[in-house]
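The following pair of complexes shares a single chain, subunit A, combined with subunit B in the former and subunit C in the latter.
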Partner chain A sequence: MKKKIGIPRSLFYYQLFPFWKTFFEELGAEIVVSDRTTKKILDDGVKSCVDEACLPVKLFHGHVINLKDRVDCLFIPRYTSISRGEYVCPKFGGLPDMIRNSFEELPQIIGTEINLRKSNAAAFKAALEIGSYFCSHKKRIERACHMALKAYGDFVKQGVNGKFPGDLLDGSQPKAVAGSRNGRLNIVVIGHAYNLYDSYINMDLVYKLRCSNANVITVENVSEEIINEKSAQLFKRMFWNFGRKAAGTALHILDRSDIDGVIYLMSFGCGIDSFVCDLVERKLRHSRDIPFTILTIDEHSGEAGLNTRLEAFLDMIRWRKENENYISAHG
Partner chain B sequence: MKKTGYYLGVDVGSVSTNLVVMDEDENIVYKLYLRTCGKPINVLLDGMKTLAGNLEKDVYIKGVGTTGSGRQLAGAIIGADAVKNEITAHAVAAQRMIPDVNTILEIGGQDSKIIILKNGVVCDFAMNTVCAAGTGSFLDRQASRLGIPIEEFGSYALRSQSPVRIAGRCAVFAESDMIHKQQTGHSLEDIIGGLCEALVRNYLNNLAKGKEISEPIVFQGGVAANVGIAAAFERALGKRLVIPKYYDVMGAYGAALIAKKKMEEGKGKTNFYGFETAECSYKSKSIECKGCSNLCEVIEISSDGETIARWGDRCGKWSAQLKSATGDGSLM
Partner chain C sequence: MKITFPHMGNVYVVGKILLDELGAEYIVPPFNNKKALEIGTKYAPESACLPLKINLGNYIQAYEQGADTILMVGGCGPCRFGYYGALEKEILNDAGFNMDIIILEMPNGNLKEFLNRVKRLAGGFDIHKIFRAIRNTTRIAKQVDELEKLTFKIRPREIVKGSTDRIYKAFQEDMREARGYDQARKLVEDTRRELLSLEIDRSFKPLKVGIVGEIYTTIDSYTSFYLDSKLGNMGIEVERPVTISNWIIDHIIKSALHLPRDLRYVEAAAPYLGKMIGGHAQETIGNAVLFAKDGYDGVVQVYPLTCMPEIVAQSILPAISRDFDIPVLTLIIDEMTGEAGYLTRIEAFTDLLEKRRERTTIEENRVLSRS
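Here is the complex of A and B:
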């Protein structure tokens, strides 16, 4: 019988699922992904997690509850770093421990450390360890790893080619309108993938933008080459993987004339966002004064606050565009 | 005899519900400032009755605009032509009153906003983040805790000789700090004076950070009535504030102006149900949809037994059954 591995639809799911899906399938495992975020998953997460954690981490707990009784093992690796010389949020490093300490009865947890900070070889070693839970042939695990890298590469490439990662992972949102702009606004939304592509937690932000005649562009739509070239202009190297991508994207936006506005989607209480958001805002405002706004999300389910800000932001952009050629009589 | 045309603007906010009737020349002919008291529908209907009783019989409404956090609810009940967010509404109103305005400070019941204009166009804005510290509802609560009518709150601050320092970043912190200061014997005047300074400090730090506040600066919203806050702003900024005559109903006025523009652009006939609508009975009911594990809280508004609007469902299963009376630009 196939071994069932549970992957919470949360946090790194939104960045790395195409990799792990191929990897585990190649090894003959059955993958079970938790359901899309619902009120129940959120409530369960908030109830079971330590109260000082950020909302995405609480939500992760909810997804674990959704999965834990229907799988043979849970895949909660200890992500320390996913790129050379950079870190991810330290909370990800503590996830397997947080989960073990928050719940009494759990299936086996695969909590292998993934740390690419010093070398890619370490990642390969981690993959061999993870694979060994399902298969004893080293060659077969290596092959699964190569296939997984290819699938992941395709996913990244589709993003750079303009596909919206949220649509690729979860086809529930109305698709972007392809082709010419037709008077639609181009709005860049900068935010962590797990906030941006989980439409429950961001209160359908992407859907609302699309319905309001706007195309949504994200960090994942900008190529790694551009991001690296641009982020190299910063006065010092970024510490965080997400920080480099966000800053690189912000600097890239400054080169483009087709971007009408930038929204920074922030988790309340996020340490990384508090730095990166400010940096992005300074870069954008300092050189070009592109319309910019911050949307902070937390546990709220009343949408009035988000809707008001979003509507006013789009109103402002359209108002500014209408008046671009206007020269004031007051001088 | 030709009937005179008027426009109705309604702002249903968390603390107050405001109605404005405006003539064709954009003059306010009648305004009402009512306390929402947690019952937006009843207060709105009472307001409509009062308007009907006070307006001439030959008044006819050519267009209706709603704004505020209850804009959708109000729009569904009275029949709105334009449903607009309060940031846009406030900007439009301030600009009509003070055409060269560069900065708008607006503090309402639960939200505070800063709006920056350049050459008559909104070019930036910010709203308070998660905490409602320093907004009207918090001041209201402190006034009632101290047993002072809210109308006199500001004058206490002006009599302060040496305002104490109050933590202004969070409403809970501010209240506990105020209580600690009061228990050590500081005078009420100095505590309230300190509170006004704390709230202004928090506003400038939270909303205005990095923004250029240049004159003319218009201060509006219900809190503009608080002379203590206005004075603290002027001290902190070293600049004069302009408080418009209708500072407390600017959102409603903006909604009326937006409705007028929309009707003039050829929208045709108004959606307004008429003042008689106030005689109908309205009920709002919330249902928890059991269709999926989202358990959406669906709101259903009915008038004399007939369902007129529904919202709150994420999938559209309930709202799609009805064509609700919301204008364009609404995100719901």
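Here is the complex of A and C:
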């Protein structure tokens, strides 16, 4: 019988699922992904996690509950680092421990550490260890790993080419009209993948923007080269993977004339956002008067509030655009 | 160049002796105070952790007294502390405080840049002077930590309540004026003697509580509402394994030189938290286990709201509490924390510890009388 591996549809799912899907399928495992976020999943998570945790970590607990009784093992690796010289977040580093100590009855947890801070070879070692839960042939695991890397590479490339990672993972939202302006606004939304691409938790932010005639651009749409070049201009290098991307994207926006506004999607209680968002805002405000707003989501966020703020923000941008045109036409 | 640096408990002693020995000019900011926190809260991002806010308050109060350059240590993650200096500089400059910052760290393992910064601080590169400064700084850090540990022992046992607090407070004030290692050492030594001469109740067996958590709020008495002295004055002996000297010696010097470190806490933490995740979470978990094994009566965890590593630790502590049957209290601090509510929680916790002890002594007596 195939071994059932449970992958919570939460946190790293939104960045790395294409990799793990191919990897586990190649090894003949059956993948079970938790359901799309619902109120119940969120409520369950909030109840089983310490109050002080950030919303995404609470939600992760909910997805574990959703999965734990229907799989043979849970895949909760310790994502210490996914890139050279950088970290993810202390909570990602402690995630398997948090889960293990928060629930009484759990299936086996695959909590292998993934730490690419010092070398990429460590990733390979981690993949071998993870693969060994399903297969005893080293060669086969290696092959699965290569296939997975290819699938992941395609996923990343599609993002850089303008595809929206959320659409690739979940086709339920109206598609972006990539690249075309046609009177649409170009709005950059900076936020963690797990906030941006989970439409329940962001209260359909992306959908709403698209319905309001806006293109949504995210950090995944900006290439590594640009991000690295731009983020190198900071007074001090950011040592969080997301931080570097967010800061690099913000500085890149300043070079572009086709961006109409920037939204920072922040999760309540996120330690990293508290710094990154502040820095991004400072960088944007210093150099150019580009419309910027912060939307914070937490478990009590009301949808009405979000709608109002979003509408006001877009109206302001449109008003400004019209008036600028008006002035320039006569000036 | 007039240097200043942030407060964190007795860190100012270390900072000033370092700068004295290097012959640099400096201003010690006023001790942590309400105004400093208000200033910091005004300029810092709302959900930044508390130490960043109070740092900003320290800098601005020192700036008002003429400081123009900040000395800060750095890091490379994963928790926010490593980015403190960089963000603080942005915030201060945006707010119109024209201060420079020297962050002591090796950016991307760049030793040359590190040495450049040391050179700037020391006004040249006199290797003997620098080595002597480092040696004397680590020495004074150790001596001050030991003095503090002594207060933990004496406070619950003193006959005239408040004596330890009085002596210790005077020491901290006088230390502001001490110049150079020799004066500082003498002051520590005199204070030690004074504490040892206090009359104490030698037969008293205090409850013992271990303090764990984020380094700033555990070390800095102002931000923890004088937790260590409050417990001490309630007749409880406290122990706090994360200290300034072991932070400097173990985390900075020994890990830079790859020297063996005391890793007992890492081993103790392993079944609960397998890796270093940033901040002091691994110490929190490991030391909580060690306290439980050493027969302590309770553990108190302190951390600033939104502190990432300690949130992970907090979610693990209940498992330790259950496995070792030891009560754990978590205290979370931010600029809105009210002292009254905070105190009530501490009192309820110490009451619980008292009751547990009474219960065990009664049970023990019962066993004895039966046999």
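To be clear about the criterion, the second predicted complex is superposed on the first by the 321 of 331 C-alpha atoms of A that agree within 3 Å, B and C clash if a C-alpha of one lies under 4 Å from a C-alpha of the other, contacts with A are read in each partner's own complex, and residues count from 1 in each chain.
Heads up, the rule we're going with is that a residue touches a chain if its C-beta (ideal position, glycine included) is under 8 Å from a C-beta of that chain, and two chains touch if they have at least 3 such contacts.
What you see is a predicted model; the values in this text were computed from it and never measured.
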Combined model on subunit A: subunit C and subunit B, fit or clash: fit
Partner chain in contact with A:Ser102 - subunit B first, subunit C second, else both or neither: second
Which of subunit B and subunit C A:Tyr133 touches, first, second, both or neither: neither
First (subunit B), second (subunit C), both or neither touched by A:Asp289: first
Touched partner set for A:Phe124, first subunit B, second subunit C, both or neither: neither
First (subunit B), second (subunit C), both or neither touched by A:Lys236: second
First (subunit B), second (subunit C), both or neither touched by A:Ala304: first
Shortest span in Å between Cα atoms of subunit B and of subunit C, once chain A is used as the common reference: 5
Where subunit A meets both subunit C and subunit B, residue numbers: 282
Residues of subunit A defined as touching subunit C within the complex: 49-50, 52-54, 57, 78, 80, 85-91, 93-94, 96-98, 101-102, 111, 113, 234-240, 269-275, 277-279, 282
Residues of subunit B defined as touching subunit A within the complex: 69, 84-88, 100, 111, 119-127, 129-130, 210, 292-297, 314, 329-332
Partner subunit B, residues of subunit A touching it in the complex: 35, 38-41, 200, 204, 208, 211-212, 268, 281-282, 285, 289, 291-294, 296, 298, 301, 303-305, 307-313, 315-316, 319-320, 323, 326-328, 330
Contacting residues of subunit C [partner subunit A, same complex]: 45-49, 74, 76-80, 82-83, 85-87, 89-91, 94, 103, 107-108, 272-279, 281, 305-309, 311-316, 318-319, 332
